[in-house]
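Next up, some structures in structure tokens.
Each of the two complexes below includes chain A, the first together with chain B, the second together with chain C.
For the complex of A and B:
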């Protein structure tokens, strides 16, 4: 429901043809869309044609001599206890079953949505009472409520519909209430109101599009549930009465004779299953189509090659289930005596020519074989083809529907084969066959006219500039604690690969506090996560080496790594509220690392925890350890987080924006605590921040990152005096000071941070740099020493062009 | 939002109760509110089941006396049922009866409803209990496992398979599952018995039928919650502490996931109970569900009243238990409810 307000931006222009709309593309972007249309076609055709094609006698007439038979040529699925055809009865029950389900769902939807919407606009106290009522009704099993209601209104089809309609309405009322109450309170509705849009426009433009998806999906789910519930009641004998029958009632008869004729129960059961699946797929596909946030995702799927798409898991899986369904549907016609290709062709030709001089068997087996199998194969073919290209997809949707309809009508036609109504049989068969034919011709035409090649998304190639720089970056610090060479984090996305951290070389000396600064998206946090081996999936970390205390952690086994990093490195994260587990006591969270890595327990562990809490100035530590994070204040949580990091006396603490989520006064506390730890325990700290002020306050050295690379490595004391990287210069200029002239606008860096999947060829900062010259657009500048303790990645500083030096 | 949350919000709004309880500690306050809402819901249940007999078409006295009964007989039955009294008196008598665990006698079998409940409930309890056991032992581990394997968009194939499987099985009504299972395991393979309660294996098929739908829907919720928890910052913190995977899962993930599972546990149980009504009729399992359907056929009102009330009380009690359990597991619930 937290949809972006920019709905109208992504909404398709009105003049787009329906099949070009993003809705339709998204609808069909997964096989479920196609399957939904196909199955819906079959269902509708059956529901419409079955009562027309089948006469009452066929369905009701008893034939005691042929009772409880297995499948045969005459009775495809066998006969029931009164000698009636199981398949015909199952098909004949389709319209009634669907009608009951739809009426019950419709009733539940009308009652529920109305009640929910009204509830949302009731005054406070009354609304609470109404909500409470809805909640209570929701807590009870729906079927039990329905059974009770049936007892009141009487056992009949109408009674069942009424009972289910009422029993299901509370859940729909809840959804409607949540939507109505939620949407009205959203920020963009408020802003639309402030902008002076009329109520009708707000409803049409903002509210309806935002709740339509949920309403439609919920309605479809309700229909599926109503189908199940009504047939459950019929099954129990509390629904459809007398000579009428729906699927549920057929199952009741079937269950009694499950041992003799299993198909008697299985045929209507499968019909319910298929209908449920259809509604489920339809809901899934509609939700996809109506959710604008998913449209772009669909587009990214497009950029995969057709081969990938063809063999994608979804296609395989859903095609498999489609095959199964269709196989079941057409199983009866794969009997050996029907497989005579010559006669099939002759019969087909005869039907096409309109000559009705056919024997009953010809229609019964041949027509069915030819037409049904054609329809089935076309539909299956289309199912697969629809993933080859977008252009096919719209066609496939129509064809899927046509074929589904066609298959349905063929299906009915065979039922008439042994009936007296030959004319109707032929008309039905002919209609289906023509539809199939049209579908095939359209398909072939489309195949030949589609000459456009599939365009692929261009793949960015990442060239690590490494090797040479490995030697270059050697800073020969006195006592190096951490040495990193060629650290790169890569994400292989469908649109190409990106490297948010690219070829980082850095050294940290023991006891140093080093700052890492950069705009958001510069890769500083990801660098920290990469050092800690915590990069999220699907990021790939590579490095020449990452040595901590001289040990290369990239070559360690998982077990070694766990022990080594567990005791040598600690991390502190940005938001202490979300970074502490809300369900565990602070004490538990503090002690679990030393318990595992140092095998401490009992009193020793407790004393250690108290010591560390004292280190970060948390008073009443004994009591605090027993509390939960929500009982701490923000600053105290972050100090507890630091205490947690200190538990194993690590040699390196990586603090990722530890002060960003806190008030300015609290920030100072945290900075002080970090400084004390550094001074008293000699812990090396890598402090990541976008706030250069914080860095200057505490760090001795600063690393400036831009677009995944280090662009400058400089002592904080030199920051204001020497020549710097233009980006660093701009960062410093952007910090407002108390003595800045208030009349002048605040300094900001022109342009936008770079797009990682579309980096410029040369220096990434070149487009925003005011000193830019020609070479910057050609090559990426390497990070080079300009002094013993100063590295810069900028041609202006390392190899200045003639005119720049004159300046 | 769950029912318990909504109930809490409601209780927080009602002024008098809040004032009354403001001097108590969080736990007594919480329990008092639960007791109050329990009382209200039970009162509503009583009223609804009482109204059943009056909303229904036809005269219960005629039902009881039989169609060819004389006018005197009908009048006698009406007196016996107390239907000649004004409604409020009837309601008070009904409540008094329920308080004495006297729900009246069946019109048809003349058996007392209390006796029916005593006879039938153990069977339903056996079925629902086994079902609940299956739901809990299957769906929670399954959801966590699939959630862990599909986190951050890993294993797309598994995700699609899981989603298709669970959406298909949650779309299958209980009586279909029951029919299919009976066909496969009883008819075709002849492994398990149906239509009997004599053999100990007879409960297997009904219990699976009744639990398949709740298993599927709960496993989906657990998986979503697992994904949700795994994406939390505190899991990253736990990983940064280099805790062994099993510690991360059992200590940091499980309590949070279980809380979510428990929150919808009440609804799942209600669904399960509804399922037993259907499944009992498929497998001729002699529980309350089978009896209530018989009673509806015969418009045997006291039996319908008694059984619906009984089911209702169980659901209400379970929901209250879930709420209290939730407060024990997750102490934030207590704070939130203030």
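For the complex of A and C:
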């Protein structure tokens, strides 16, 4: 698309054929792209060709003698109440239906986007009025407004288009407003201005490409909604009039005879469904093509095995529905009365009553047919639901597959029945039945495993692992509060499994402040989250044991655990705003945990809250407790978070970058608060920070992490004197010290941390280490004691090679 | 003559005066550091200089020519000589343009070059910031924070600026990456004789980068000194407080530091006279007889064309007395 020339004119000036542009490749990188193209092609062709291929007579000519017939060779989907071919009429209605939907949507899009963009540039007060207006209109369902408008402009096809165009515009205006207002404030727009780019260029290259994706998806969704709305108006008799008919009017005729000839309503409804599906897939694929951040994921999709790719839910949905369609399409030629609903029901009842005297083949095929029919109805229903949730989409895919299997084997059994090979027909019918059964079991299992996967994320129990290999690494701590062995966090990603926290052992003594330092991505935060049972969804946490106050939390039940951690451990995050509830007063949030955990009375709770506010030096605590988080400054919120953590007098506080977002002055104050709490209440603190200066300031011991492992465990007083891990050394050297020579370049660490899915063999730091020697590439150095209070994972320090010692 | 002179600059956002009468100068090839707590007006000064915010009063002189009154071709020409790099390398690059395309945009706008020349130049610029020229076809999301900041630097150099405003450019980066970016910036400065306005809340970094430093508090510059002087002998109590707040790599913390209490007051209602008097450990809070701090604005009498500290009781002289 528009980006392709820009892409190629910086590169070598090769002409990229359209189908080789990254846009098109990303477009087709998943089945939805193919589906979108395929379905859109069919729709387009039908809309163009149907009026040419079908004569008016074929569509309008009545033939009362053949009214309300089931599918047959003459009338593939049967006939309506005037004996006209259902399929032909449905196809014939395609151009009108699409035309009405597109004009209504087009109108809504033009009005909506223009109104939204204008609103974004209105001056303050006018903008508020306009926004309020849009919101009021949004409060009513679009179709309701449309019906009222039709009453005003008159019932006709044009009237319906006009009404829907107007009724649907507020929601589009809202989207356009949000996008326009949001994008204008972004840094990259500001930087384009500073770079002196013209406004026209900024709009064309910076604003439009960044909102196009959303606009296209929204527009296509609006078109689908407009189709449904126009059809609904026609259905109600408020749209297309006279002899003209669209899908909506066909449904009107159909619902009256739903039980006699279901296909009469089903055919136009399916047409609407297919069009909606096409628009949805088209939006999905276009969005993928327009977003370069998704282009590379394309590569990872392709790196999956063909099996995974072709058994994704979309493909299964596709293959299931395809089989279903084929079955519906060809059945009548072979067994014209097979689809007679009465016979099916009768046979079904006969089977249930055990009085069936039909041949077994017939029973088998009837059962398969029954499966097919109910399955088709449920699949259709779920197909609509699948727009709302992924779970339903997968369910629908499996059902589609079941129907496909059922239909396929039914088809085969009928073929064989005609050829009088009864044994084979029987086998085929049985096969169909069992396949359907297996698919049903699969489906049920799938739905349940989905459910258990989502609940796993919410309380992420640490899985105990076998203790055989536990190193009782004696860290000679006098009074251990926390002992962690073999803590591992894994994510099974599409590209492979990674372990951002990889088999770490650590002990915290009572009353200690221990720092954890390392570059971003080294696994500091995940270690903390794993201890607090907060690792996000697909993450899997395991450990040999995690003992807090001597109790192994890996062996507790979920309920026990929540209670135990709630009273023993508190967690403080970098961004307090994201962990405070903006809708509740600070006082309410402060007293929530002790109300649950300690059953204190209201007055005691209040006194406790005041005490804790005093601990963190918040003045005017009475008034502050009645305020909401947004009334607090960043530093205040962090204090409030700490106060909240202190409410249950926990024995351990884990603080993840608690001062990173704050100014140095406020950082110094928060450090003082933490130090006071540690000294006065004896609380153990684990302080995570990327700033080694902060850690030196307050901690007694520091753990250095690199690529998911602890590479050094050292007393802070030794940090600046003894031999250290090369990574620790480099980290310290990179900080511009206060007395460093300003004329010399700073020491920096070359390269970047390794990708977790592609760790180097041997020492993970080897590619960046200036002391690296041959052994480092072969073996991973274990974390070993070099002194009683000092552990290092580096061969240079634990088993120096001969030449290194000589130096 | 200075590359940039800012004289008595005032910037307002509605009723809020975010920058209130600020003056400073940056010599050609020199670096001026700007420090202060968040909300003190550092970024507003930057935005005013690159015309993203409107100067309410005062002059911004580039080589002696006032940008605030320039227009048309003059203004465009002057703007191209001043560039800015932003704090967040994740939001300052357009995600929909490849690295090559975004540098190409700038070359098209500011340099009269043919397509083939531009391609060569893109490669050269990327090499200059120690990136592989082949990265030109990649998109921002494929890079780490440090690499993105290098891309932003390469894009800035494409317009051949004389003055670059660096707003917290290393704050979002890891120390290891930060050091490399700082080294790169200093090398480029030397090579192209760039002038820098280096904004940061991290005093150690500012000390390393700057020749002289301005300390801001509530929209005003309270002290302006040569870097060495400022850090060796701060005169303004606020400067002292900032310096005391930085972790010093001393286990257990510096026992002699005097911590700053409280937070920045609401800038809509700045305290009268000396704006720092509500937090100053040397002002009326600690010494009730120092009423002058509450009544008399220390900025009133100062000649701001050279280094100064806006305080009635400067620390150095106190110690001497």
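Going forward, the second predicted complex is superposed on the first by the 405 of 807 C-alpha atoms of A that agree within 3 Å, B and C clash if a C-alpha of one lies under 4 Å from a C-alpha of the other, contacts with A are read in each partner's own complex, and residues count from 1 in each chain.
Just so it is clear, a contact is a pair of C-beta atoms (placed from the backbone, for glycine too) under 8 Å apart; a residue touches a chain by one contact, two chains touch by 3 or more.
Just so you know, these numbers come straight off a predicted model, no measurement behind them.
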Which superposed partner A:510 touches (first chain B, second chain C, both, neither): neither
First, second, both or neither for A:194, with chain B first and chain C second: second
Which superposed partner A:236 touches (first chain B, second chain C, both, neither): first
First, second, both or neither for A:158, with chain B first and chain C second: neither
Contacts of A:630 with chain B and chain C, given as first, second, both or neither: first
Overlapping contact positions on chain A, where the chain C interface meets the chain B interface: none
Parts of chain B lying in touch with chain A, wherever the complex brings them together: 1, 3, 6-7, 9-10, 13-14, 40-41, 44, 52, 55-57, 151-154, 156-157, 160-161, 164, 167-168, 171-176, 179-180, 182-183, 186-188, 232-234, 236-244, 247, 251-252, 255-256, 259, 266-267, 270-271, 273-275, 277-278, 281-282, 292-293, 295-297, 299, 301, 304, 308, 311-312, 315-316, 319, 330-332, 335
Sites on chain A touched by chain C in the complex: 3, 6-7, 9-11, 13, 186-188, 190-198, 201, 205-206, 209-210, 291-293, 295-296, 519-520, 633, 635-636, 663-669, 671-672, 675, 690-694, 696-698, 716-717, 719-720, 730-732, 734-738, 740, 742, 745-750, 752
Residues of chain C touching chain A in the complex: 37-38, 50, 52, 76, 79-80, 82-84, 86, 88, 91-98, 100-101, 104-106, 109-110, 115, 119, 122, 136-137, 139, 141-142, 144, 146, 152, 155-156, 159, 174-180, 182-183, 186, 201-205, 207-208, 227, 231, 241-242, 244-253, 257, 259-261, 263
Residues of chain A defined as touching chain B within the complex: 124-125, 128, 131-132, 135-136, 138-144, 147-148, 150-155, 178, 224, 228-229, 231-232, 235-238, 248, 251, 254-255, 258-259, 262, 265-266, 269, 272-273, 276-277, 279-280, 284, 313-314, 317-318, 321, 532, 534, 536-538, 561-563, 565-566, 570-571, 573, 575, 578-584, 588, 592-593, 596-597, 628, 630, 641, 644
